[in-house]
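Both complexes shown next keep subunit A, but they swap its partner, so subunit B is in the first and subunit C is in the second.
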Partner chain A sequence: MYLWLLAAGLTLVFGVLGVLNFAHGSLFMLGAYAAFTFYGKLNINFGLSILLSLISVGIIGAILERFFIRRIYDLDLPYQLILTFGFILIFDDLVKMVWGGVAMIPPMPGFLEGNLTVLGRPYPFYNIFIIFAGLAVALVLWLILEKTWWGRMIRASASDREMAGAIGINIPFLFTTVFVLSAMLAALGGALGTPVRVVAPGIGTAMIIQAFVITVIGGLGNLKGAFVGALIVGILTSFGILLFPIFELFIIFVVMAIVLMVKPEGLFGK
Partner chain B sequence: MAKNISRRKFLKNAVIGGAAIGSGLGSYQITYGQAKKPTGPIKIGGQGAVSGAHADYGWQMIAGSTMAIEEINAKGGVSGRKLELKFMDEELKPATAVKNARYLVTDWGADVLFGVDSSGCAMALGPVLAELNRVHIFCHAATHRLTEELVAQRRIPQIFRISVPTYQDGILPALIMKDFPEIKRWAGIHEDYEYGYVAWNTFKETMKKVRPDVEFVSIAWAPFWTMDFSSHIAAVMAEKPDAIHTTKWAGEGVMLLRQALTMGVFDNIKVWWQCMGGSVDVLQGIAREVEADKFKGKLWASARYIHNYPVTPENRAFVEKFIKRWGKYPNYSAETSYSSIYVIKAAIEKAKSLETAKLVAAIEGMEIMTPAGKRYFRPEDHQAVYNVPGGRVIKSPDYPLPILGDLRVIPANDYYRHPPFTPISATK
Partner chain C sequence: MTKLKPLLLIALILLLLLLPAFAGKYLLYMAIHILILSVFALGFNLLLGYTGLLSFGQAGFFAIGSYACAKILLVIPSLLLGTISGTLAGGIAALILGYLCVRYTRIYFSMLTLSFGMMIYSLAWKWREVTGGDDGLAGIPRAPLEIPGIFSINMSPMGNYYYFVLVVSLIAIFLIHRMVHSPFGLTLKGIRDSENRVAFAGVSIRNYRLLSFTIAGLYAGLAGSFLPPLENTVTPPIAHWTHSAEPVMVTLLGGIHTFSGPIVGSILFYIIKDIIVRFTQYWLILFGSIVIFLVLVFRGGVVIFFTEKILPWVKRR
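Let's turn to the complex of A and B:
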């Protein structure tokens, strides 16, 4: 489900803005650090900390889009890679300067402790909470994109940027909001994970590769594809560890290769 | 004006030329005459992981070695010469480590080298040291092959290791856990690289010898920097083990333990052995859980040095000074790099020279008192032999963070591997 949140933002930005944002993992990391600071350091309530972390990373996202990403929409893909990859390095080092290099972990929120016995196996409450959070985000995203005026504008500019601009949609502003939404999704993934995962420099890059695999399997720029892709990758990894511990690592890449061969545009790609 | 300048330039050139001739003559005299007393500082070049997710390990090395050098310099240095440190970032990349070593020796002029976190970097660096001809004291990189293959077999005498080899985390836990007759079913969650393979294989081998009734029921391999261990834990727990042995270290170790708690693992097992769990960063990460007794006293750990052992004046002084100087507890890298500097000092004083061959001879067979206790550099493979106990993770009223208590000391010389070295199976 963390993967879904990460992949959703990645695919959204690619679908609408046409930008492959390598620094997306860094936004995930910043979300985790922000949540850790509010919740673990300043002892703010868990829910409120997550909200605050979303807002702060959203602001960073807005700055990133307005002053940097916006300048390269018309340039080739390699420029996007260089710019966003540069931001990975900058954010990694920035984080180290502010929070230091040691991995940190805040306490578990009390109401999410403990576990439930499902089919004879203990299953942590926290994971159940994450699953519902992920589903809720999926539902909200679907509602926004399909049912609201803003969602319609996004879909319009994703399919034809010039035409959308011609009929009076403020494209630059719309793009900023989409990028902010994507940054907040990444931050949510990072923030939700803090009590069971450590925050450390480099956690973003550890996640981003899987997120890319997911978006490729599901179809670049396709939200439904990202959701199904995240489920596929999650399930494959779990069963891989259980059944083929020797080579669980490359199973997801094999699946990705097969998808690319059979349906290069991804399972849900157009 | 123009004339003036050219005259000045001429004079300057003449002076430089004269100096060059003079120094040339000087060196001529040194070669044939008796030794000129060397001046300037003794240069010590170090490297470790100073960037990336494990940057704290490199920082600990800088902190430990800096403190040792400050102490030594305050007392007048070594043979009247001050020590000077330059520390570089190995980035955990073998190519970078080799480049750093070449720079430190040929450009900067390092007399001795120390450091290195990654085993991969250490193995790449080994053959280069023979060519650079500088003593290198490794203070973290733990692969047994560094000393067994490169020193004992390929005879690269410049390599020394002051910290424990990887099999410490396999053999020691097996020897301690053999005394728990009720634990019969062992499972593993391990690093998916050489460290995990060696620790698990030596653990199994040793255990089979001392406890033939023990079974190894399941194993899960998790690649470096895994974020979600729930599938690994579920896979292993499905076989209902009595105990779990794991090599996940640093931040990953903390994550694994935290996730195991959420899955109720500690209600169902008797012992969890966390290799390198005695490192301060891990103990800090699980401090709250230990305080709340979430692990129910079932969490055991090994380490490469722990700050509460041995109880000696040397160790106490080191820990107190370190906390005063840096504001936190030293982990093992801090101790090993601190002690490396003192080994270098002792070697130079004994050899009365900076010549590599003489330094090697001085360190071979050296016995030296360090914060971690008495260390002995055995001549056959240049591995330092010293005791690091395993123990139970507990909360002590004397310390702000959890410590290892219930310590089981087994003399290192009894369980370290001895030549002729047979290869350890380093595969899954």
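Let's turn to the complex of A and C:
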């Protein structure tokens, strides 16, 4: 489900802005670190610290879009990838500077501890919480995109940027909001992941590849695809570890390559 | 300018040949790394700069070259054999995977090469019996360069190994220079600029792309096979996608549509790294900023900046 949150933001930015954001994993990492700081270090209430990390990463996202990403919409893909890759380097080192290079294990919020027994098996309560959070985000995203004025503007400018501009949509501002939304989704994934994951520099580069796999499988720029893709990758990873531990990582990329070769636009692509 | 160029080139090669006479071990070690990255990036730029394909899986072929060379050296200590088999392994892998990749362009091509590169990485990391897992392969000898019965040169001194890498790299650079200035190179540029027109002229685009991909793989394999004898170990991170980004960065730094761009970029990359690391361990922040500055402000790279801005300015004086 973290994978879904991560991939949703990536695919949203690609679908609307047409930019493949390599630094998306770094935003995930920043979200994790921010939540860790607010919750684990400053002892702020769990919900509030997640909110705070969303806001702070959202602001970073806004700055990124406004001053850097905006200038590269018209450029070729290599330049987009390289520019955002530059941000990976910067964020990775910044994180090392501020929080140090060691991995940290954040505390678990008390009210989410314990197990729930499902079908006779203990199941960590926190995982169930994450699953519902992911589903809720999926629902909210769908509602925003399909039912609100803002969502309609996003869809309009995704399908024809110039036309949307011509009928009076403030495209640059809209794109900034979309980028901020995507950054916040990544941060939410990172923040929710903190209590059960290790927070370490470098999780950004590890996560972004997973997110790429998911978005490619589901179809670049396709939210529904990203959801299904995240499920597929999640299931493949967990069963892969159980069944053939050596080739677990390998299989994910095989699936990605096969999807690319057979249906490059992804499982849900048009 | 035309008279100056060969002179400069000869001076540069002389400098490189004389380097071991005055440079210390560390400088030679750096020089070898610069040469490795140059060869790697030159092959990569044949794909990006000339054919217009951005590959994010080049580190996979680099690693295949490294591991193949290391495996050979662990069994038969012959440098020449190791290098040749590393190069061929990279080329063959590129030929096979390239066959699957070159049908696609733009983002799909980049993603597909990324996934193949990561497959190679995951094999290097997990397939313990063959690759040693995350420990890598250790104790690789810097074997002598020999042709049995004819001659044998001891490669243990850094200087000797430097000469070996230098000579082979210069040959490789010369070959790729001839290639891009041949009809083959022109055809590749044609494909980059207008795929359809070249197709109408009766050229098989796919075959040309595959050839270019294979050559890039050969160069990545060659660059990769220089590494094990130098470091005496091979570890999986050389196959990781962040390593694939290195040739991308240096090519961009030096200049994407120029021949010497990747070489200049590699030199600058190591110089910048070496200087910043003296002050702070967080050198990637600065390097990231340089990359961003390059993309936003001058996209041509250092070489174009030099030939178009500095040279005319010098001439006017």
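By definition in this document, the second predicted complex is superposed on the first by the 268 of 270 C-alpha atoms of A that agree within 3 Å, B and C clash if a C-alpha of one lies under 4 Å from a C-alpha of the other, contacts with A are read in each partner's own complex, and residues count from 1 in each chain.
Everything below uses one rule, namely that contacts are C-beta pairs under 8 Å (C-beta built on N, C-alpha and C of every residue); 3 or more make two chains touch, one makes a residue touch a chain.
All values derive from a computational prediction rather than experimental measurement.
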Practice item. Quick one: classify A:Ile217 as touching subunit B (first), subunit C (second), both or neither. Key: neither
Check your understanding: Of the two partner chains, subunit B (first) and subunit C (second), which one does A:Val178 touch, if any: first, second, both, or neither?
Key -> neither
Check your understanding: After superposition on the shared chain, which partner residues are touched by A:Pro124: those of subunit B (first), subunit C (second), both, or neither?
Key -> first
Check your understanding: Touching A:Ile203, do we find subunit B (first), subunit C (second), both, or neither?
Key -> first
Review point. If you stack the two complexes on chain A, which partner ends up touching A:Asp93: first (subunit B), second (subunit C), both, or neither?
Key: both
Exercise for review: Would you sort A:Leu242 into first (subunit B), second (subunit C), both or neither based on which partner it touches?
Suggested key: first
Point to revise | Residues of subunit A contacting subunit B in one complex and subunit C in the other | key: 92-93, 96, 245-246, 248-249
Check your understanding: Which residues, counting only subunit A, touch subunit B once they are in their complex?
Key -> 2, 92-93, 96, 100-105, 107-108, 113, 115, 121-127, 193, 195-198, 200-203, 206-207, 237-238, 241-242, 245-246, 248-249
Check your understanding: Which bits of subunit A are touching subunit C when the two form their complex?
Key -> 20, 68, 71-72, 75, 77-79, 81-83, 85-90, 92-94, 96-97, 205, 209, 212-213, 216, 220, 245-250, 253-254, 256-257, 260-261, 264
Point to revise | Touching residues (chain side subunit C, partner subunit A) in the complex | key: 48, 54, 56, 100, 103-104, 106-108, 110-112, 114-116, 118-119, 121-123, 125-128, 241-242, 245, 248-249, 252, 256, 282-285, 287-292, 295-296, 299
Check your understanding: What does subunit B use to touch subunit A in their complex?
Key -> 51-56, 59, 192, 219-223, 225, 227-228, 230-232, 234-235, 237-238, 250-252, 254-255, 258-259, 262-264, 267, 281, 284-285, 288, 428
